[in-house]
Amino acid sequence: MQPIAATNDFVVKFANVNGSGSASANELFARSILRMGVPVCSRNIFPSNIQGLPTWYEVRVSGEGWLGRRGGVDLMVAMNPQTWDKDLAEIESGGYLLYDSTKPLTSQKLRADVNLLGVPLTQLSNTLEGTIPRERQLLKNIIYLGAVVQLLSMHLETVQDLITKQFKGKDKLIKLNFAAMKLGYDYAAKTLAGKCRLKVEKADLVGDRIFIQGNDAAGLGAVYGGATVCAWYPITPSTSLAEAFTAHCKTFRVDPVTKKNNFAIVQAEDEIAAIGIVIGANWNGARAFTATSGPGISLMQEFFGLAYFAEVPAVVFDIQRGGPSTGMPTRTQQSDILLAAYASHGDTKHVLLLPRDPHEAFEFAAEAFDLAERLQTPVFVMLDLDIGMNDWLCEPLSWDDSRKYDRGKVMSAEELEAGTFFGRYTDVDGDAIPYRTLPATHPSKGAYFTRGSSRNAMAKYSEEGADYVYNMQRLLRKFETAKGLVPAPLRRDAKEKTRYGAIFYGSTSPALDEALSHLEAQGVHLNTLRLRAFPFGEEVVDFVNAHDQVFVIEQNRDAQMQKLMVNECAIDPARFISILHYDGTPITARFIAAAIGERMNVSKPKAKEAAE
Amino acid sequence: MQPIAATNDFVVKFANVNGSGSASANELFARSILRMGVPVCSRNIFPSNIQGLPTWYEVRVSGEGWLGRRGGVDLMVAMNPQTWDKDLAEIESGGYLLYDSTKPLTSQKLRADVNLLGVPLTQLSNTLEGTIPRERQLLKNIIYLGAVVQLLSMHLETVQDLITKQFKGKDKLIKLNFAAMKLGYDYAAKTLAGKCRLKVEKADLVGDRIFIQGNDAAGLGAVYGGATVCAWYPITPSTSLAEAFTAHCKTFRVDPVTKKNNFAIVQAEDEIAAIGIVIGANWNGARAFTATSGPGISLMQEFFGLAYFAEVPAVVFDIQRGGPSTGMPTRTQQSDILLAAYASHGDTKHVLLLPRDPHEAFEFAAEAFDLAERLQTPVFVMLDLDIGMNDWLCEPLSWDDSRKYDRGKVMSAEELEAGTFFGRYTDVDGDAIPYRTLPATHPSKGAYFTRGSSRNAMAKYSEEGADYVYNMQRLLRKFETAKGLVPAPLRRDAKEKTRYGAIFYGSTSPALDEALSHLEAQGVHLNTLRLRAFPFGEEVVDFVNAHDQVFVIEQNRDAQMQKLMVNECAIDPARFISILHYDGTPITARFIAAAIGERMNVSKPKAKEAAE
Amino acid sequence: MTYIAKPKLHHPGLKPNKLGFTHRDYEGSISTLCAGCGHDSISAALIQAAYELDIEPYRVAKMSGIGCSSKTPDYFLGNAHGFNAVHGRMPSVLTGANLANRDLIYLGVSGDGDSASIGLGQFAHCVRRGVNMVYICENNGVYGLTKGQFSATADKGSKSKAGGTNSDNPIDLVSLALVLGATFVARSFSGDKKQLVPLLKAAIAHQGSAVIDVISPCVQFNNHAGSTKSFDFVREHNEAVNRIDFMVDRAPITADYAPGTVQVVQQHDGTYLKLSKLHAEYDPTDRARAMAYLQERHNAGEVVTGLLYVEEQANDLHANLNTVAAPLNRLGERTLCPGSAKLAALNDAYR
Amino acid sequence: MTYIAKPKLHHPGLKPNKLGFTHRDYEGSISTLCAGCGHDSISAALIQAAYELDIEPYRVAKMSGIGCSSKTPDYFLGNAHGFNAVHGRMPSVLTGANLANRDLIYLGVSGDGDSASIGLGQFAHCVRRGVNMVYICENNGVYGLTKGQFSATADKGSKSKAGGTNSDNPIDLVSLALVLGATFVARSFSGDKKQLVPLLKAAIAHQGSAVIDVISPCVQFNNHAGSTKSFDFVREHNEAVNRIDFMVDRAPITADYAPGTVQVVQQHDGTYLKLSKLHAEYDPTDRARAMAYLQERHNAGEVVTGLLYVEEQANDLHANLNTVAAPLNRLGERTLCPGSAKLAALNDAYR
């Protein structure tokens, strides 16, 4: 069996135990490769637990620049005995397994077509002087990193630079880490020379791109978008968004003179209180948001209905995870689409934004506040765990300083004083968006009573059917207006003319890009439309009409986005073929290519992953 | 202008102020007509307020037996100055207006084509000896009742019998009411003779039917269905269901010997606690339910997801009212369909039952508990304010004593003791329904841990994609099984062959029946399918395929049931035409006939009511 | 631009306050509550308190939940914005509003069902955060708007109009507020305007979480014999521990009062409250003893009213969050948006 | 049919209890919590208590919410059913389970975030209804499972591992339970098994709402200096008011003890608790004074532990609801369904 030989195109997976401090060593590995100018994408697969359970870190090295998960593993660093069998099974035929050879392999399963790379990590770590057991435990991670760096012919210096940067000032730590690195590196050089044919070769393929997590970027986007109030309740995978907002506020929003905060962040007692605070703050003219995940979206339902019906702005980040119920808290999915789009009882529709990566997460985060205030309604930014909690290689963040916040239709004291007509729910401009006033704007004009019960155009309580219907129909027209304001879907046509199309959104994007090229290589051509928001504009209908069959690729069980398109665009479901991936792991190019290929009768082994 | 002349076919509407005690007098009127063997349907239109705001009671007298609202009013009893203009406007040309003529009409609007029937109610009431003002206020209602009874040539005795029955034992009250009745009756006889050409004529058209509210019937159904635990939180229009259950339990469920209760009813602190109690009780083997309305359904979302995913039975009555948010708490709508069907985050689907009237409310209430335990999932009984809080004339309630409760797949101690295999989430029978055990069934076998997070078939916590997918796909198959268990839709074909169909459900039924006959009279023929449950069986697809165009008649803005059919049956939306009525008043035959007629180009004035 | 509201022209009869507003400038639309409902008296007391404090009517935000009580903000201060949120969730909406603009006066009006049943959690957390507000619970022991079911404040053994008896332990919002660290806690009675108005004024002056539990009988569903929230019952069992005589900006001279009969408390905003002690031993600055006292008197069947606790140096949520003095909703783009240069620098950190 | 569980065969070493069960029969699956987590000690104490009380392991229902603490029911009493509900909602699920079958022992295991933050409302209402249960809050002052944010029980001024300071008032579940009418209230420390086990036994014997707040340090996120929930802090500030020496079925003779050093309390189920007083003046049957005492000592920086309050004649929810003695989940069709004849009669009433 030929050992796999590959340069700048392979997958390394680290199998660890959580709480063992492997994270920083693994991330160091990924960043070092980026420093060498080679694109990587990394994914952290962690348990809903704090210490002692399996965790994996998967790094895909791709000179071609593919950033989605590929599937399969070429080099497995197996540091977790609990998952040995599973990890072994995942390795590609001809792949490599690096393990701690301090104790001889006895009971463990092995595979003839997998090349063993033994490194006596424990033994080596014991040679590190002046260290306590806990430290040696941690340094083991650096030792295997050293070995891997050597095996993949990476630059030791690059890694060392990063270490120096990371522990700036802590010289003792730096020395210790260097020593550990060297132990692994030298051992590999001495005893495993030539055993591994995977190689990282310096290149210039990364450009000015940045390596950032979606939640971090979105939190920063909220700062740039002018959010001043954040109310949240901890829940994986959304917690890091609120924490990022907090950190960025401390950097950018503390008054240099008074040292006072130009922001207010409240960790609420639960999600219901969080959204209540957000609605109260927006009602009172502050840009406010919350970040949560599925369970929070369920709990906030009643408040979403209030904001929709009373027309109060609100921004909600939904970092989707595996549902239903507590589900898979540390796995990714796109399964809150329908609940968010039709949130709350009664007839409602809500605006959704669908960023494809951290770069768009930043942009849409800022954009969301303009939309919420312009439309006076909740706006959901639909992220997921894959974008939110993994470092993605993406375009640098940018901001146009000439850009002004759109605060929407808010009546000023001057206008009121001048006697400009004000009827809170009156459609003055024909776009179905009414004017609002903020509390205490004017002593005697513009005050009104906000309520979730039926009212007339002047905001007076009313049980008249006609008044109710007026507002409900205006809300529908307002949603029509929204179509012209939200980010339009992006169409990309195949090299060759085709009758087949594919629609996708969010974190599926990188895997899909790659899948397309695989399919193209097999002569399968697809035009694509990437959805970026709901409500859908005409582009969706046009795209579907322009093709006989349209694949809809989603990371949920029930084809939720497809249902939404059918419902809202009156499209014949027969036009759609759903490609669904929902086992909680990020969708892969292999899966998409196989699933589409299969349906287009391209012979290709079906991917392992679970799906319909 | 000819005064309207009609026998056993007209609409009387009483316009009152709430808290003025008119309710019992008005109901007396309706029941008296039933006693005369003439069918009536009545609807109570009341405000979200306790005292001083407008309230109406509309009685339709229909010898033909139409039980839906007709629309329009032939005789208006205008007891509320606040709404005089609105009430006047609603009267059919040639109709009648009965008012308190104690003071002469001065400022009030009038209509040339409306016949005035003045009765000096206040003045007459002052002639009642030995009464205090508050009593006289109440007796005014009886006085106008007396007048109406005379004007419609009804039997005074019939009404008197009912009064005697109602105040059994309270002779003074009976005498007082008789006196008041007589005042109105005699005044009308003397001064309004021949002025009114509306007439109730004794007949035998009621049969053994009963006059009952849907909430009352459903509460009774829960008693018959074996519910032992009820947890609820007050909310209009569901409150009377829990109160009815309480009342019927006190009649039927108190142990004659020990005087202890064979039931437990908890008024919870909110809807979240209510559904939590219901889930806990069902988990522990008691049949438990809650009753709520839209806002409660929103709040219960998270728990619905838990029950779906952990597979715990639960019965939920949703008495739908006007949404979104607080909306129109005292108006009717069918607008929680989508939220209930797809309740909670993640991929979920839930069973809905759709009773057409109180009779079916009773049946489906009992049925719901069998389905919930058989399918181990929440079952929603979707009532609405119209069915729930209005007295409907419907078939008597019946129960087959040979019927046995279906407690579903619950393993006994004996089975466990005998070593029968038990794997909580294993599909043993191929119907995707697993077996469950109740706590403390067996000392050492059958215990398991129930959770909302992912698990394997043996109920052990698992973050394995394959385990998760196994359960999610099984849940889909379980939903397929449900299709064979829920009440099937009922098809009724038109006299003549037709390419047009109509689909409807719930409280729309009586109005639709009547609309069909109107349309038929105009040569428009429609086959109909009445949905009785979700998930939908093949019948729905077959029905749609059998017709070119299918009207879907709903009482919501967004055609929610139509969306559900399109989604779940992959039907081309183009096959459907939605007929939507959502101003909060019950849909009328006139509205349906006009809306359908219009689309079939039958010339007919469009109904006043709001719709799309 | 800030205004001093211009008083409208009025009948000569109406006496204007310092700002030139008359009583009428503090009114709202006409109440739709039942004739005689305790809640209407509380609205009247609020109007009186605002008038006497010379508040600019529009610089108030009226927040409420759902219920008859929660409808009342529509019936006072018609020139102020109001927000009738969802059931039991007013505290969070008020908190958000307060965060957005610290300069307004926040009146949170709620009912016992709204606050003690569905809203208990939000009530508790809003109070423990020290949100600067006056939280008024119009407490009638029942759900008025849904026709008279027991609420969580109904006393054990209390009878419903329908004849049922309440078997759950009551939730005493005053004790709860004390446990949760509220810095101003009082109880009053809708029927005692002389006590209620000064309490409301002191609460509005208080710069922190002020909680006032006002027993407010429901004439429709809970004013019968056997109810512990009826007018008669409260009148008979009302035990006021003190009475606020007046509130001034300078320390009043108390020398001329018999020792132990008067207590002077200074609030954070500098105002002084002069309290006449009705129970010599009661000290409204001792939280621990206040709790014990309330428990004991409640067991003795008394309804203790008055200013039950006040912390002289209270802190509010903004102080804890160290927010800027300017209302957050007034901060401009230049303050809020770090701009492109900073972003470019930041990008490097992610390479 | 009811069983007496058959003990398995065991290593001779293991000592069986009255029912012949050994310690091992009360264990569950292996904990996945961090090494040294306080919660694991509580699980151990529960196992010990159940073993010493000779409980049939399977006649217990283990209810919990979400959190590290809420995971623990998986780690004890493996033969009992468990229900890991949703976050903060265990109390309602437990209430429902209890209504369905009054014969089981209900252990409600929760965390401070689960109980005092999102779950405060349900905790309060479950307690005030007198649901017969042992409610255990494994209190570490942080959200462990979400990596160490402050929970609502974190003390004001307490420092987080990240360096932040908590500025909200803490929620003291013990004071809350007292205000809400809990009939058995205790506080303990996961590090003090000698105190905890007897308290758990007494709580299980108690026929009403028993609330035990157990300080249970989070070694991962809240065991540092500056935290008031760390092992060191609690050890240093732990002030036990009493110690349960034993629980017996007959009144113990107390003559031979120095006066004021011993207190005997009889519980509803007949058992007697013998308490050694560590604070002579502390009386665990006086709710009002208990509240004041806790408030004072808390201000003094003490962590008061022990049996803080017990009501000798407690009532539970079933007593209030007057439910039949038989578990509702065992009632058959004949008891539940009135049948067709009654329905026919009823129809007439609707004509």
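The chains carry the letters A, B, C and D, assigned in the order they are written, with residues numbered from 1 in each.
In the analysis below, contacts are C-beta pairs under 8 Å (C-beta built on N, C-alpha and C of every residue); 3 or more make two chains touch, one makes a residue touch a chain.
Bear in mind the structure is a predicted one, so any value in this text is a computation, not a measurement.
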Identity of the chain that, by mean CA position, is farthest from subunit D: B
Interface with more contacting C-beta pairs, comparing A-D to A-C: A-C
Computed distance of Cα centres, subunit C from subunit B, in Å: 40
Between subunit A and subunit C, centroid-to-centroid distance (C-alpha), Å: 44
Centre-of-Cα separation between subunit D and subunit C, whole angstrom: 35
Shared interface positions of subunit A, touching two or more other chains: 48, 269-270, 295, 302, 306, 325-326, 451-453
In subunit C, residues with contacts to at least two other chains: 86, 117-118, 120-121, 124-125, 129, 152, 321
Complex interface listing, subunit D residues touching subunit A: 32-35, 66, 68, 86-88, 117-118, 120, 143-147, 149-150, 152, 220
Contact footprint of subunit B on subunit A as seen in their complex: 47-48, 294-295, 297-299, 301-302, 305-306, 308-310, 322-331, 333, 335-336, 338-339, 342, 344-349, 451-454, 463, 465-466, 468-469, 472-473, 476, 556-558, 560, 563, 566-567, 570-574, 582-585, 609-612
Complex contact set, residues of subunit D against subunit B: 1, 3-6, 8, 56-61, 63, 73-74, 78-86, 89, 91-101, 103-104, 121-122, 125, 129, 317-318, 321-325, 328-329, 331, 333, 335-340, 342-344, 346-347, 350-351
Residues of subunit A defined as touching subunit C within the complex: 34, 208-212, 220, 223-224, 226, 228-229, 231, 252-253, 255, 258-266, 268-270, 272-286, 288, 302-303, 306, 396-401, 404-405, 413-414, 437-440, 442-444, 447-453, 461
In the complex with subunit D, residue positions of subunit C that touch it: 117-121, 124-125, 128-130, 152, 167-172, 175-176, 179-181, 287-289, 291-292, 295-296, 299, 320-321
